[in-house]
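Several structures are given next for inspection.
What follows is a pair of complexes built around chain A, which joins chain B in one and chain C in the other.
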Partner chain A sequence: MANKDPINKRRVGICVLLSFVTLGIYAFYWLYLLVKNVRSLKNDTRSCIGEMLCLILVPIYPIYWWYTRGNDVKRLLEERDCQASSTGSLFLVLLLLSSFIPLVIFIPMGIMQGDFNSLPTAVSKSHKANFFSPIGKFFRNIGKMFTGGSVGTKLSYFIFGAGNIYHKQYIKGGIFLLLQIAIILFMVLCPSINGTPYGYKALANLSLKNLSKGGEFDPATGGMTTGSDCKLMILFGFVTIAVIVIFVILWYKNIQSSYKADMDKKIGKKPTTFKEDLQSLLDQKFHITMLTPTCIAALVFTVLPTIFMIALAFTTYNDPDMNDAGTTLFHWNGVQNFARVFTGEGSLGFEIKNRFLPVLGWTFIWAIFATLTCYFGGIILALLINKKGLKGKKIFRTIFIMTIAVPQFISLLAVRNILGEFGPVNKMLMDFGWTNHAIGFLGLNPADSEILAKVMVIVVNMWVGIPYTMLMTTGILMNIPADLYEAGRVDGASTTKMFFKITLPYVIFITTPYLISSFVGNINSFNTIYLLTGGGPTHTGYQAGGTDLLVTWLYKVTIDQGAYNTGAVIGIFTFLITATITLITYRRSKAYNEEDTFQ
Partner chain B sequence: MSNIARPKKVKSQSRNRRISLGVTYTILVILSIIWLIPLVWIVLSAFRCEYQADGTFIGKVTSNFFPKQYGFKNFADLFNATYYGVPNAFPKWVLNTFIIAVIDCVISTFLVLSVAYCMSKLKFKLRKAFMNISMIIGLFPGFMSMIAIYFLLKSIGLTGNADHPEYSMIGLVLAYSAGAGLGFQIAKGFFDVIPNALVESAKLDGCTNFKIFRRIILPLAKPIIIYQALMSFTGPWMDFIFAKVIIGASNARYWTVSVGLYQMLFGSQYSDPNFFTQFAAGCVIVAIPIVTLFMFLQKYYVEGVTAGAVKG
Partner chain C sequence: MKKLIVVLLALMMVTAMFTGCGTKEKGVIRMWVGEESAEFYQKVCDEYVAANPDFGYTVEVKGMDTGSVAGTITNDPTAAADIYTVAHDNIGKLASTQCAKPITDEALIAQVIADNPASYQQVIYSNLNDVKYLYGVPYISQALFLYYNKALVTDEQAQSFEGLREAAKAAGTKAITVTGDDGFNMSFALLAQKVTDHSTTVKIYEGADSASGGSKGESNCQGDDTVAIYRWLQAYAADPNGFKWASSDGWHADLDKNNLGVLAVIGGAWHYKTAAASLGETNLGIALIPTFTLTEEACEGLTGVAAGDVYRGGTFADCKCFMINAHSEPSKYASEQQLIKYLSSKEIQNRSYVECLNVPAYTGSAEFIKQCFDEGKVTESQYNLAITQVGMAEWGIPQPFITGTLNTYYYSKNAPSVLRAIVDKSAYPTTGDIILTETESLEGIRKALYMVEYLWMHGQSPKDFPANLPDKA
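Moving on, here comes the complex of A and B:
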């Protein structure tokens, strides 16, 4: 049995010590190694970052993991004629204990590591790159370049671009130097917007327990400026952290650039000129040119806002339950906002707790039904349109594409009004004498039926989603190898049988990734719910209505109510759900694991 | 459904086939009607021109599907009306949206293509890391960071202030297009299909990566360029949430058309059930160019959708 991934052996004592020294960071790496070891025992070479993330982020998952993996390790070790001390039940008990005394977690980790250490594998250590290896390489290189580099390189550790200037690469060195000066000035001078500073003061503000005490010192009053705004303090704090990260990267790149010039000189080559550097940006380093705009834009407008909102989840920002409620002054309050969802503490917490589980449940029901109805409806529609001998295929397809093309806020608001109190549908029903009062299909009034509204949004969503699936499956249906049907016909299979045995499995096989992404998309489906029912029936204040999904609730809580911290908590929960589903299914999918083979 | 036809006897096969085709036609026609009803109704409402007995115009949702009288009054009113203190607001909104859509279209398409090309055809460190990170970021609900983007834009004055309310349009363009590069998956799926041998042979001939991109990949990528351009151009016409949050309720002169139309029905200040037919007229004006675009570029749209499905 050839082990591609050998077992990592570690001394338990050293691991525990390192975990303490690094304030727990090393413990995560150690846990990662354990996860990897279990994988390699099972001869499973897939990357285990997904599993690792689940282990850290998903609440109940560790219990399951430790229990099953404990038993797995015992079984696998005994297969290899080793004594194992790991058992699932032991780990279970220790894990429960560790929820009271966190340090206990080192015991199961140690036991498991001890078991791995007892394995007699003598395979040489592989050099397969893992998630953490770039970090190790980073530190090794820093040491190597300092000892092996020229005077210029050594100087670059302190003055950016010194090495490049030493090698007469004046422009490049000058750019590095200017960037260093600019960033240092930014950090020291602390430019401020609306009275909120950047630079080291921003870091100081971020580290305050009570954000509202921050801001800038105002000599005139002897206190802090009144204009200090906590949300800007957080925002600017993270911007400053990003600047520091950029500074470190620049520092490393500047040393690397100088070291490369050293090496070129050593082998008798001339260090690259600035022109050559620019040219390489169009060739060997073309990816840098191409990715830089996106990276900068996404960093500023996607990553930074996301991190900022995650941070807000740990504050009292504009929270009616906290005594310093306000949009400018608030403080950090740890995980209280998360806990409140389950404990229902405070008046807002009570409302949130009341609605959280129902909304979560409905979100899942909605996502399952919306995905499946649209998926199979779309396949059936595509089959109908592509029926052999049918004329006017193009016309039918165009009609359905048209409904995709019309902006949703138009078509969905039209549906809302057609089904509404004064709309034609209710009139028709009343004319037929089937009802004597308008039926609230969409739960727009608090008294309307919740079940009916839920059914109606799923039905109307079919109107939205089916044409889309139809378009997609049409292409796939045309690609089904004709000989499959030929063979089926020779064997005397009926049309129905061929549909269930050939067409459906083929289409499902090809579109599985789409099925998953559309499930995740439906969890985040905002337009359908917001435009049709507005989340109704019964919705006041923070209370989510009967058809509210997590996202529409998030919208109401943040935009309508301004409770950004609670909104962020809901957002993080939504992320955890979608991320878990995606990571588990996507990382197992062929499309991901064999991504390179497509090229 | 098609399954009704079970060819047991050869004689009746063609008859069965005809019946099954007939059934299929019927079902498809019924479905088409169901799918078109809301759209037809909006168009009918736009041309609805009914008056009450005392001569006042009825702009509300009315329960009869077909109007009793037709006319262009809704369109005339829409173009001349003053909303939120802005005279002739609707044409201005259309123009705003058009400008935003064009700029967004150019920036987004460029970003998506450049990232997709890198991910598909260039080999470099951190490629997979970049893909994973972009996927994870994409899993956060967009509405969560929306308000943060607003704060961010506000802190640099791009949500419009008293002196320069038009800056909010720049902010909106940034908000729409900045994250576009992370949505590269469909375009990447398209590039993956372009044979690598093509790239390799060009490299042997001494082409730089830039040249390969410009001379070989871009000409081949026409369908996906059109698909991306179509998607990012229509985005601003369809979105009403982001625009509302970033431009703000008070800055009505610089709204996009969808915000304006949405506010006509749900805005706090001027919303009036009597605006419904005008709203419908606005919808028709917005929908016609978009639907026409879609119809003309249908082929490319289908291609993009299919590429997205297979690659996930």
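Moving on, here comes the complex of A and C:
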């Protein structure tokens, strides 16, 4: 029997995620495990409930605890020949910072957990570096560079580029200095757009307090003040935070640059010139040159808007229960929008409480069926088309590829017309006398069958989805090494056995990432549902209809109802679900764990 | 060298991305109007600029989708045009979200007062810091009316719902449908008026005040006439040759002469082209929304109505207005008002009718419409289209939503779906988790109508129902 490891190891990212999902409850459990781990390291077997209670209830105790336990963990790990990122002073600083930004508390917890994870265990596999290791390294380097650096390096802690100038790297130093001045000016002068400032004022504005309603109008001149715009206030606040992060990175880089020059000098090398630095950007650091614009674009066009939309989930932005100017004047309301899922408060809360679980359930059923039917349908079709002896393979393949060539929305709208009340299918059924009224195949009227509509969307989806899998599987089938089949034949395997033992495992091995992305894609399959059924049949009194997925419901709540804050909540839930499923399934798949090793 | 080229190309790409954002041109007044009239108003504005050298601005007119333009403006008013046109029910929302600037030019205000009917003048003002200002200048009138299949429905049959039913029975189909089940398109039942005296007990935000702390006015949806009308409609919808909701293929498919799903549809002027395509110009009849006669069953247990009372389907009789963007430069303000005064004058409204078939909003426009027909400037169906809308204005009220909240309460709070549930005799949910299992009985209809009124006034469903209905919310 394996020894049970007394140290609780946890993936830091999962712990943080669970803490968010459980609205902080898991964070307390995680903290309890950390307290327990420290005790275990000290071979202290007493109960840690009392210590945990003190941590939660006694105001100043956490400061003491984090400081002393940080140092304890460092010492105890070093005794076991392990490198530790935890230090009392670091934890103290982070704890103080967390009193201003509460989420910072996850950093010391993550660092300490990372240290525990790095301990060798009786039953461990190789441990992987955790997210917080670089943060620990960052703080260690700052200390190391200050104590080991030259006067110039020490100066560059306060004046950007001072170290470089000290080492006669004037242009580089000058650029650093100019950037420092520019950012400081940006922060102090607070330039504004449409009356909303950046800089330190933007940080203050993030509280969304002291809002001005505006609307001061001068009939003589036609001049009009338009008051506070909370949308811009949040956006500019985040931009300012991004500028501060860039400032910190520049600060670190300027110290690092000076320290590198120190080290070069120490080993008798001449510090690099500006020209050499530029040349390196086209040579060994070319990846940096190419990736920088991409990263900036991703930050500006993807990360910032995403953070902005997430932030809206915690506000009253355009809340239908608020008055008039909801898109410009709103305020933070904590997790109230999330709580509506459970309490049903507010006009949309009623909708969310009663429709969230049915919509979520149907989203999963849809995603599973839509994925599997298209996946296996595609494989079967590919096998049939690639069957030896079949004549006209290219013609068949072309026919199915044609369905991809036709834009999906045209196919879907055509099917919608075919199955509509006056469509050919209903006309034919009535002409044959099989029915005396039009059948609502797609649930477009409230009285139509929900089950029939659900079955129909899955069937119609096969029409637009199977050719993709067929095309991909055809390529895979053509690339299965012939010697595998040869070996199978030598061993006397039947065609069926070879299919189940060679073909299918090979295809599944290659296509697992596709299968996962296809599943997630189907969870967010807006086109198929919206264009075919519009989410119908509708449920009287609710936005979410019988075939609505989370994503189409999200569309209705935001576009039709204008409740962007509630929409953001649904969006975040959808993201959490898809991200969790993707991470878990992908990390457990053979394609991930046994990369390049299909056997 | 290759790498240098790659870097330069990447830089060019990034630069191109960031230079996409242009700046507003000075010396230009930008204007958004309905797509169908953009060319006309560009021509008129160019003429005005040429005739007034002192005006000092050129005008750029752009056609926008009338249905969604208000949303586009509230999403980003800084990017919207200096002058834009919207249906008047958007005034409250645009004014309260500081997307619109008050109009103060005395000559323009005098023109608005002199030219427009009193009903319009009640819904084009809003408050800013408790001061009442004119915000919208009417220039197009619009109302719902009836399109019908002239090949199967006589003009006389088209005058009443009963006549339509008779025609539908002969054709083996349904009588009538609507273009949507929302609060606007279903107004024919809610706003129906007694033929003899134009009376109705329905009130929607009557006397509402957009000042800070202002009231939502008075609403009523529980009158005996409303109950009787919905009971009548329930029966009419249950009739195999009566009312039906538009099919999944759209109302135009129902109206199509080949499908014969319905013989008539209640719609607006903006549905004209589609209706004509469904029936053909020669088969397309246009008439006032028909009358209907309350039955014994509809009036049973009610005191305010009597069997045999005749009602005509009602409508929201709206107007489209010019408005000035709050973010427009103050230096343009006087010129903008000067331009709007010209564009909303009777002369330009008349030209707009002849060239774009926009029904003028000013009082007494029927005379000009008739004159145009007599002079052969418009076809018979174009004449009917305009004169019917003018006629329907007498059977309707403008949407009285002078604040953004009231607009949201009326359209986005499930009241239309409750009204649909009554017609369908289906169940509907409430916030108190009370599921009403029927809307067929008098009590069920009363509860549903109480709920509709409560939604109008409070923006959410009632948690409970009063013991005795009708009850004022």
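We take it that the second predicted complex is superposed on the first by the 407 of 599 C-alpha atoms of A that agree within 3 Å, B and C clash if a C-alpha of one lies under 4 Å from a C-alpha of the other, contacts with A are read in each partner's own complex, and residues count from 1 in each chain.
To be clear about the criterion, contacts are C-beta pairs under 8 Å (C-beta built on N, C-alpha and C of every residue); 3 or more make two chains touch, one makes a residue touch a chain.
Bear in mind the structure is a predicted one, so any value in this text is a computation, not a measurement.
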item	value
Partner chain(s) touched by A:445 [first = chain B, second = chain C, both, neither]	second
First, second, both or neither for A:499, with chain B first and chain C second	first
Partner chain(s) touched by A:564 [first = chain B, second = chain C, both, neither]	first
First, second, both or neither for A:297, with chain B first and chain C second	both
Partner chain in contact with A:422 - chain B first, chain C second, else both or neither	both
Comparing the two partners chain B and chain C, which touches a greater set of residues in chain A	B
Contacts of A:108 with chain B and chain C, given as first, second, both or neither	neither
Partner chain(s) touched by A:282 [first = chain B, second = chain C, both, neither]	both
Which superposed partner A:194 touches (first chain B, second chain C, both, neither)	both
Contact residues common to both interfaces of chain A (with chain B and with chain C)	194, 282, 286, 289-290, 293, 297, 417, 420, 422-423
Complex contact set, residues of chain C against chain A	3-4, 6-7, 10-11, 13-14, 17, 74-75, 77-78, 93, 96-98, 101-102, 104, 128-129, 133, 245, 247-249, 253-254, 256, 259, 261, 326-328, 330, 332-334, 403-405, 408, 412-414, 417-418, 420-421, 424, 426-431, 459-461
Residue numbers on chain A that touch chain B, as the complex places them	134, 193-194, 231-232, 235-236, 279, 282-284, 286-287, 289-291, 293-295, 297-298, 300-306, 308-309, 312, 380-381, 383-385, 387, 389-390, 396, 398-411, 413-415, 417-418, 420, 422-424, 426-427, 463, 467-468, 471-472, 474-476, 494-496, 499, 510-514, 516-517, 520, 524, 526, 530, 550-551, 554-555, 558-559, 564, 567-568, 571-572, 574-575, 578-579, 582, 586, 589, 591, 598-599
Contact footprint of chain C on chain A as seen in their complex	194, 214-219, 221-224, 226-227, 282, 286, 289-290, 293, 296-297, 320-321, 323-325, 327-328, 344, 346-347, 350, 354, 416-417, 420-423, 438, 440, 442, 444-447, 538, 540-542, 560-562
Chain B residues touching chain A - in the complex, by the definition given at the top	1-3, 5-7, 17, 20-21, 24-25, 27-28, 31-32, 34-39, 41-42, 60-65, 110-111, 114-115, 117-118, 120-122, 124-125, 127, 130, 134-137, 139-149, 151-152, 155-156, 174-175, 177-182, 192-193, 196, 208-211, 213, 234, 237-238, 240-241, 245, 258, 261-262, 265, 276, 279-280, 283, 286-287, 290-291, 293-295, 298, 301-302, 305-306, 308-312
